[in-house]
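Let me begin by presenting the structure, written as structure tokens, before commenting on it.
A, B and C are the chain letters, set down in written order, and residue numbers restart from 1 in every chain.
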Amino acid sequence: MVAEIALTSAPSRGAAKGGLTAAMLQMAWRAVEFRIALFVFAALVLLSLVGPFVFHVSATDFNIMQRFLPPMPLGGSSWPHVLGTDQLGRDLFVRSLIGLRNALFIGITSVVGMFVVGSAIGLTAGYMGRWADLVLMRITDAQMSIPVVILAITILGVSRPTPASIIAVLILAGWPAYARVTRSVTLAERQKEYVRAAKILGASDLRIVVLHIAPNILPPAAFVAVLDVARMMIFEAIFGFIGIGIQPPTPTFGTIIADGTQYLLNAWWITTAPGLLLAITLASINIMGGTLERARNKILQGIG
Amino acid sequence: MASPLLSVRGLSVALTNRGPDRSLVSDVSFDLHEREVLGIIGESGSGKTVLSRALVNWIKPPLRISAGSVLYRGRDLLQLPPREMQRLHGREIGYVGANPGVALDPTLPVGHQIVEKLRAVEPEVSDREAKERVLKLLDAVRIPSARRRFDEFPFQFSGGMMQRALIVDALVSNPAFLVADNITQPLDVTVAAQTLRLLRDLQKDFKTAVIFISSSLGTIHEIADDVLVLEAGRAVEHQRLDALLRTPEHPYTRRLIEKVPRIWDAAMQGSQVPHESEPILRVRDIAKTYHVRDRRSLFAKRSVQAVRGVSFDVMRGENFGIVGESGCGKSTLSRLLSRIEAPDEGEIRFKGKDVAHLSSREMLSLRKGFQLILQDPFNAIPNHFPIGRTIAEPLLIHGMKGKREVRERVLSAMDEAGLGRSLYDSLPVGLSAGQRQRVNIARAMVLEPELLILDETLSALDAVEQAKLLDLFENLQAKHRITYIYISHDLAMVRRVCTRIAVMYLGRVVELADNRTMFFDPGHPYTRALLSAVPAIEERPYAAERYLLEGEPPDPVDIPAGCTFRSRCPFAFERCEREDPRLYQRDAANLSACHLVDPADRRADLAFAISARSVS
Amino acid sequence: MVFALDFFARRLGQGAVIVLLVAFLIFTLLRIVPGDPVRIILGPMTPPSVMEQTARELGLRDPIPVQFFGYLGHVLRGDLGHSFIRSAQGGNTGGSRGDTTHENQNRASVAGLILHTLPYTLQLAGMGVLFALLIAFPLGLAAGLNAGRWPDKIALYASSVMVSLPNIWLGVVFILLFSAKTGWLPAIGYKGFAYTILPALVLAIELAPVMMRSIAVSVAGNVLENYVDVGEVRGLSRWMIVTRHVIRNAAIPLLNLFGVQLIGMLLGGLFVVEYIFSYPGLGLLTINSVFQRDFPVIQAVAILASCILVAINMLVDFAATNIDRRLQY
């Protein structure tokens, strides 16, 4: 029955111009939480870009006079130290914003990188099949079975960690997941009629993969990759916490939280307040990603 | 007459999606008596599936029953509390749908699920008793080795076998009435005919009333006592079957009867282009075997012989048909002919060139000459390209550069295929199946091919759209002298357009005949079985009682020695066990792979004479 | 039966290749990134000649393939080697002591170190997965069965919040709230079972959202399957359909997820959580070993981790083929 209704009411199904991608965006946009999350996220990004200039407060200069100022509504706080100050009197809000900017940069760049590398390998393995598939997938399995943290501390533990090396490590750890997903979708896609049609027309394998298969399967995967931006930001924080992230004096969430643990009882806000800002950012990303993922699932399951 | 078993009054169902309600079934009323078989005929989109679900109170949002009543033994099903209704489902009311493959949990054995259902509706039955009952019924629907099949999983059942198991599932609790919604639609003709015959027998044994819903009048003709005609959700006519066919009252019914494709009453209208002596396509002894992993022994492989030595010639300008049921190898053959895969053995010569031994550059230029149009109009064209771009793709692949020139070629191909030029820049979203198929045709035509292979190209379309495209093909043929190969399971269509036809069975051509011989005097028993199984409302020369087959084709992995058709053939004799028949020449144009037509075998002559006499 | 033999023969073969690859990767990586372990073993004040001698004795100056195959030979004979840093008596030796030589006999055996710490880690992992399941299963199931309605929304919000809490921050906040301020639960180190609870909770909150979402998606997808719809008209009750069929079918993608994603996450999470809580498990051992360039320990842990992953993947896939026989074909 579902099929018959789907056919008789076909226009509503294909209403979105531009196919799957546009349909996903439209469906996600209809959800209130998506719009709220997008707004929060946009505001935070804007703040992280312009905030440090607006507040005229240095993130790195010590100010012994203003140590341990609590965050804003509490007694003893003072403008413009919205989130208070740390043990050296540095403004936590500006430090967090700079940390956020770095985390976002690392998160987004690394996800783009792992998406590109992983998809290329997954498409190749899935389309070529046979030995290429076998070899690439075994490498993928091996890479996947090294925990990220081991890989990261092995590489970053000694060499001085820079944003570039952190991004490289994250890409190295993250690509296999994309390769696997892309490969399995490609395997299914390879059987489809449009691929057969292109073969009959005489299209080369490269042409089929790049022009026909990739545009069909990559956009839905790309939307879900939004969720990974948040994961990578968490990893960036973990690296900072362990001491293998971007090195001081540049503030990162991980170092701020790690430094604050020594003063946990007296100045709890040093750890918690910046962490909360990070959590809010992550939540906005995750809600957007989650809504997009659900929209994709719904569309792929044929409802909506 | 006694009071009816089921009494439907003013039943209406509406779609309550966004926007105003849309009525899918309006004001349907009828009575169903004990042991009666009521056929409901409706075209796709007439709301017949919705009606069939409403009859068993199985309607879910966004659908809603907006009015009416369904009185079953005096109780209105539509007013019953859910618990009461659920007690009737499966116990007194049976339902069999059109998708046997997905009706059961794929991860549990079929027999166990039927037992589970039986014990759910009749908790007092013990496990052993339930199993015995199910086994008995599985035997009754002639599922071979039912005891073994009982423990097998849905994916190990063929479509026809699964549909029988679901009939068992519905009848095992001995319901008062059964709703059968389009149950033969996904099945091959011979299997569908077997299933119908079975259902009719069981219906008599179990004294079950049946509501049989179908979009094919030919199918309803085989089973129903009364017929209800559904047009756009309304019941427009309700008569005894023979009366309906003789004296249809409503114009819609008349149109419906006219539209039923005729096989024997119709004349062939296909290609009239004179034949040349030199074939455009010459196929010699091609074979293809696939290797799959064998799960029964370590590291072993099993070989599936999909195509086993097929030979034929296709002359320039003719319409060549290839027919057969699923698993006969016609889709593999289509892949070989379109050179997506290479045959293991044999050769395919297109205009005298062996396509297996060409460099990729030569192959690319040869590809322009032959094109294939696929069945599924929704998946065969990419959704992310504008239509014009899709049609231009073959030109770009074949290295055409000038933008203006490409555009011109595409537009003229669109004109030829009957696509409006305004579609050039729009995406295919929202196109109908017929329009999409035209995009496919334009994309093939833009290369100006000499040979078009139509692999079930028209199967997904309704009769009207099918007729329009057949006309289009005819025009293109007249204009460009194109040769067509129709690969199809639709005998009525093949009858209309094809000059010569090859019938395939288990990877072989068993009959190669011209149109007339194929439909009026076929040499192979399988061809006659096919003809006897086609749902039709006309008088047919081959009666199902005599020619219809039992069982299904053997597994292409373990092909028995001798004639592969022997196990199902009503005319098999001892030579068939020893010797695999080759294609024997019956006369100048017609060949058959059956010992009965072997001119060298005198006994065969005799047997054939007998069988021929019994036909007339 | 034949299938099981065939399956394990194939997968054990593939698994061996994977473990070998991982071992080689880590082995090489350790030796090409800068940082000389000898300097840490002997301390910065050691004369270069002594350093060279020790390095040669440890085989660190041989070509990498030679080192690798030598190491592999030992591993295959069951010898994981000795720590560069830790003494057999427990506790670090290392540069600060000012040793001028390095004797293997005084160093702790890697196998011993792992066997000593592994039980703590297993306990933490078990508790973490248990807590995660307790959170994820009911919520995920409710969400999947009521797709688009309020249980689904609640699950979405809950998982979005949980997945947004960085474990390092959550660990510190938990220590602050439940240990430092209230004294309800102990937090740092390990002196009894109660020390496992807080880290396990942090671990669970990391794992639960992924589980919850997958359960919800998988169950929701199965509810849409035709057999569920048809089951109703065949006379099966909703309860029977869900408990006997939907959960069974939904388990397959979940098993897959468990093998591919969750085990990796769990291992990664364990390292971080053990580090935050100074929990004396394998993770803490590894992190310290990395900072001390204690190659034998790092290599052994990497090999162990990939063995565990391979084994769990294999078992999970085998279980899946037993639930859905189609996967055997």
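Simple rule for what comes next: a residue touches a chain if its C-beta (ideal position, glycine included) is under 8 Å from a C-beta of that chain, and two chains touch if they have at least 3 such contacts.
Note that the structure is predicted; figures quoted are calculated from it, not measured.
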item	value
Higher-contact pair (C-beta pairs counted), A-C versus B-C	A-C
Chain located farthest away, centre of chain A as origin (C-alpha)	B
Whole-Å gap separating chain A and chain B, where each centre is the average of the chain's CA atoms	48
Whole-Å gap separating chain A and chain C, where each centre is the average of the chain's CA atoms	22
Distance from chain C to chain B - Cα centre to Cα centre, in angstrom	52
Interface hub residues of chain C, defined as touching at least two other chains	none
Chain A residues within the chain B interface of the complex	1, 4-5, 7-12, 14-20, 192-194, 196-204, 207, 212, 215-216
For the chain C and chain A complex, residues of the former touching the latter	14, 17-19, 21-22, 25-26, 29-30, 33-35, 156-157, 159-161, 163-169, 172-173, 175-176, 180, 213, 217, 220-221, 224, 260-261, 264, 267-268, 271-272, 275-276, 286-287, 290-291, 293, 298, 301-302, 305-306, 309-310
Chain A to chain C touching residues, read off their complex	33, 138-139, 141-150, 153-155, 157-159, 177, 180, 227, 230, 234, 237-238, 241-242, 253-254, 257-258, 260-261, 264-265, 268, 271-272, 275, 278-280, 282-283, 285-287, 290, 294, 297, 301, 303
Interface residues, chain B side, partner chain A - complex	15, 17-18, 24, 44-45, 49-50, 53, 63, 338, 340, 363-364, 367-368, 371-372, 374-376, 379-384, 393-394, 397-398, 427, 429-430, 440, 443, 447
Footprint of chain B on chain C - complex, ascending	2-3, 5-6, 9, 225-227, 230-237, 240, 244-245, 248-249, 252, 323-326, 328-329
